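The structures come next, written out as structure tokens.
In the two complexes below, chain A is the common chain; its partner is chain B in one and chain C in the other.
So, the complex of A and B:
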């Protein structure tokens, strides 16, 4: 028996900001969930199950927050699941929800991811003072910066590429009312003269810390037929993991990322991603990860990804737009960031991305990664249902 | 084989919480000696109040005052109170349905012993003298044999409402790094770096974890590596991290010690930051009494060829 086709018929986000002091965590997730239901023109009683994700409990210090959020998400009397895969969690949460529909376990599932960074301490949550170990020497940026240097060495990319990505993503964010950073006076010169925090990563090439939530309504064929607006259809979705550290790990282009993309393309019948995919929302917390992931995801040969960035291919009006929403570089409520990528991909194929809409986007990839480049989750969505 | 190490690990942090409208009113009320519940769509009163109706999922904001007296619906005796619990002497954990409420609130009951506590007993709030807008503004409950007190008609509008609280969290662990890491740490005390070789893929892991993450088999063969190594990649850290006593800028590097099959992380010194490069040959610099090398410095050897370390970035 073939799988049930899965459609995205509702999408909701909060307006992401540095601190939402006016709402509790429940109030924050409720806002995104309500907007997703409104978009799908459904009520709480139309939802069969809720699948929620966020980054580590240590971030906000609320243990198993899904239990207390059941009221806010209308989950009382229904199955509620929590997913956790570090920074990729927003993506894997959506995939777990999609699998419940594809397997015909549930007809309509609400999926949601969030982070309230202003009430959390990611640095503390990730670097506990473990006895006998040397303290972490450099923080998150310092963890990723040596990998960026390794990429530059391997690819021979000019050192300006990172700034081009940041300048593009921050300009794209100006067209997205939900984005956190709206830097109206951004210039390439400002990016290039911003302080070098973890050489080779500059201040303007790093993501902000945001409060936000993102929700989607996923449903089956019957649900899609009742949808008031065009649905996005899931054409392929996959997750892969690998250890954080092992002999032979390639931090520049992790094998798990390559395998995950290959699985998605196989499911969706994509022979040449560069030709067959119209746009990408990928998880780029530090600007240099755009060319790195372009190679990892098969949009460019190894060592060639930066050329797509440099030649303007990844601009909003380019041939393969990347991070039309402004991306993680403009908005980063960690647990939600992966789901925002997936949701933005769906908005594009539904033709509902507003000012940052890519004309004629029919197949768009959403991508997330997390941990020390150890968890990957991706989905490809299209404007038409899968053919097989 | 050296003894497996153990040490206490205390994780402690003051979390901030934005309260939202309902918890804001509830906690501000406690500060003012007022207990508020919330009315659900079907007319029940929930204490403590919630923001969303558990049955209909509707947003609920209809706040109503309940009495400071109530009835114990169930309880458990706490023989040995721990740090941070409401009372320092043995007490009963109780669920109390306050007069006017349909649900029960968890708190402590001050009673001389378990024989003095029973389900159905009448109790009253004992307010704390110094109240800040927290659940601890209720010091505890105490037995009460008077008439039920009448609730006021407060609706949750206060001057100076509390909008956020600080919730301290603390976890106490005993941390044991295990056999492999204990051996590694023991060798470090003799200024030697010892890894373990995987019997299947033959890769040498430093620090060792006692198992190969790729092959999934146990490792036990000890292999001394270094002391010299190669900088495979690095960054220059220009911002000072909290709680870390290192002057910026400094170089944070991946260093593949000779004989190891993956790089470990360390600081490079004895050379200007802008002179550090991939392939630089380095050696550890130890300071008296430290468990780990303080940093690594150039050996003066010619740089390693890229092909010799390109798999070790």
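So, the complex of A and C:
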């Protein structure tokens, strides 16, 4: 028996900001869940199961928070799962939820990811103490900057590419009312003159630290038929992992990312991603990851990704828009960031992305990664149900 | 059964199970070193190599490990190269098994490796578990896991459903059963001891310890190739209750009952039950909720009262139940896992062997 087709019929997110001091953690997640239900025109009783995800529990200081959040998410008497796969978790959580529908275990599932980073300091939360790690790194930027430098050296990319990505994403965010950063006075010069944090990554080329949640309603064919608005259909989804460190690991273009994309494309019948996919919402926490992932995901040949960025292909009105929402560079509640990417992909094919809508977007890729460039989750959604 | 009431698309079975010898401390071992022999064990039982596994899923907790992303190190033990299809739940490994089971149901994979581990020894696990509670209204009071279990036990005694000597009997029976279990931490007679939190004595509480477990799942014919008598998962379901102890009837476990019903446990009697009841009074509640009569062999392994490596204890219940089916000691077994204070969240799996 083939898999049940999975549709996204409800999407909700909070207006992401640095600190949501007006709500509890429960209040934050309920706000996003409520909006997803409203979008699908469903109520709590229509939901069969809840799958939540977030990054490390230390970020809020709540261990296994699904226990405490059961009431707020209407899960009492229902199955509730909690996924944690590092930065990719928002994507992985959506895929775990999708499998419940695909396997015909449940008909309609609420999936949600969140982070309330104002409860702690995420940078130091990510800086592991001795004896787990040498005291050489401070935050994720310290980990990723050497790999960005390796990319620049390997590809020969001009050193302005990173700033072009940041300038684009921050301008896209101005069209997205849910984005955290709305820098109305941004200019390319301002990005290029912002302080250098981890060479070559400047302050304006890094992601913010946000409070936010994102939720989606996933449902089967019958649920999609009742949907008041056009659904997004899951055409392919996959996760891949590899170890953090090992001899021969390619940090610039990890094999797990390539394998994950290949699996998604195979499921969706994508022969040429550059031609067959209309837009990409990818996990770019530091600007340079746009060209790096364009290559890793097969949208450009190795060493050529930066040319797509430089020539404007990835602009909102370009031939392959990337991070229409403003991306992780404009909004980063870490545990939710992957799901926001997946949700933006679904919004686009539903034609509901508002001012940052890409005209005629029919197949859009959502991408997330985490850990030391080692955990990948991706889904490709379309405006029509899968044919096979 | 599926949501439509039709049979599952594929039959999926537990084909191998392994666990560590659970110990009070494992200072000399990292989590990865603790896990490695267990992974090698289940692979050896089936003759599979890491590269043959279609999907991998694990359960563990950063709060026990004392560091963020602690599960990433365990990947080294799995040998995730070439890259693997893999996921992780920040829950007991029983829920990792649930995720893997759904993955196999979709047909995306034919085999799955599921593992879980936890070291309670580095910190004070009673205090650590308070961090699971509502961060605004409950956690600031630091009600520890034993204190909450004691509230539950007292409620049960007040309801006239048990008494302290009956609880001592449950403790004794579990530890006696554990005498035959080389992996158990507390084996044979254990004195009831002093009150830890009244009415619970030390004997009513689980040992604190470190351990790991692993299971291999396989679908259909693949399961029969890998195991002489696969433990078929006839159903598995899990449910959660309200969080605040004050709004729950602590003498009952409606979520466990509902999960059992959805897993098909009440369709025919089981001969064996492995219950995740770290405190004696919780066995009383679960026997009632799961309708286990005196004819059912409960916790032949000694259960969580004999070994309680937090995050792996629930998966071990499924593994122990499956192993009895593999050995021909059981034909239909129920396995139960729990999470949260006072049995807040419960999972039930029903396993069967082929007719003999």
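The rule is simple: the second predicted complex is superposed on the first by the 381 of 388 C-alpha atoms of A that agree within 3 Å, B and C clash if a C-alpha of one lies under 4 Å from a C-alpha of the other, contacts with A are read in each partner's own complex, and residues count from 1 in each chain.
As a convention for this text, a residue touches a chain if its C-beta (ideal position, glycine included) is under 8 Å from a C-beta of that chain, and two chains touch if they have at least 3 such contacts.
These numbers come from a predicted model, not from an experiment.
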| item | value |
| --- | --- |
| Chain B versus chain C as contact partner of A:99, first or second or both or neither | second |
| Which superposed partner A:188 touches (first chain B, second chain C, both, neither) | neither |
| Partner chain(s) touched by A:60 [first = chain B, second = chain C, both, neither] | both |
| Chain B versus chain C as contact partner of A:84, first or second or both or neither | second |
| Touched partner set for A:238, first chain B, second chain C, both or neither | second |
| Partner chain in contact with A:76 - chain B first, chain C second, else both or neither | both |
| Touched partner set for A:149, first chain B, second chain C, both or neither | first |
| Which superposed partner A:246 touches (first chain B, second chain C, both, neither) | both |
| Residues of chain A at both interfaces, chain B in one complex, chain C in the other | 24, 58, 60-61, 70-71, 76, 128-129, 132, 243, 246 |
| Contacting residues of chain C [partner chain A, same complex] | 2-4, 6, 9, 56, 61-63, 67-69, 71-73, 75-76, 80-91, 95, 98-99, 102-103, 105-108, 128-129, 131-136, 139, 237-244, 254-255, 258, 339-341, 344-345 |
| In the complex with chain A, residue positions of chain B that touch it | 5, 7-9, 11, 13, 15-20, 23, 50-57, 59, 163-164, 167, 169, 175, 177, 181, 185, 198, 201, 203-205, 212-214, 232-239, 241-244, 246, 249, 252-254, 261-262, 265-267, 278, 291-292, 306, 310-311, 313 |
| Footprint of chain B on chain A - complex, ascending | 20-24, 26-27, 30, 44, 58, 60-61, 70-74, 76, 116, 118-121, 123-124, 128-135, 137-139, 142, 145-150, 153-154, 195-201, 243, 245-249, 251-252 |
| In the complex with chain C, residue positions of chain A that touch it | 1-3, 24-25, 48, 55-58, 60-64, 66-71, 75-86, 92, 96, 99-100, 102-107, 125-126, 128-129, 132, 238-244, 246, 254-256, 259-260, 263, 371-372, 374-375 |
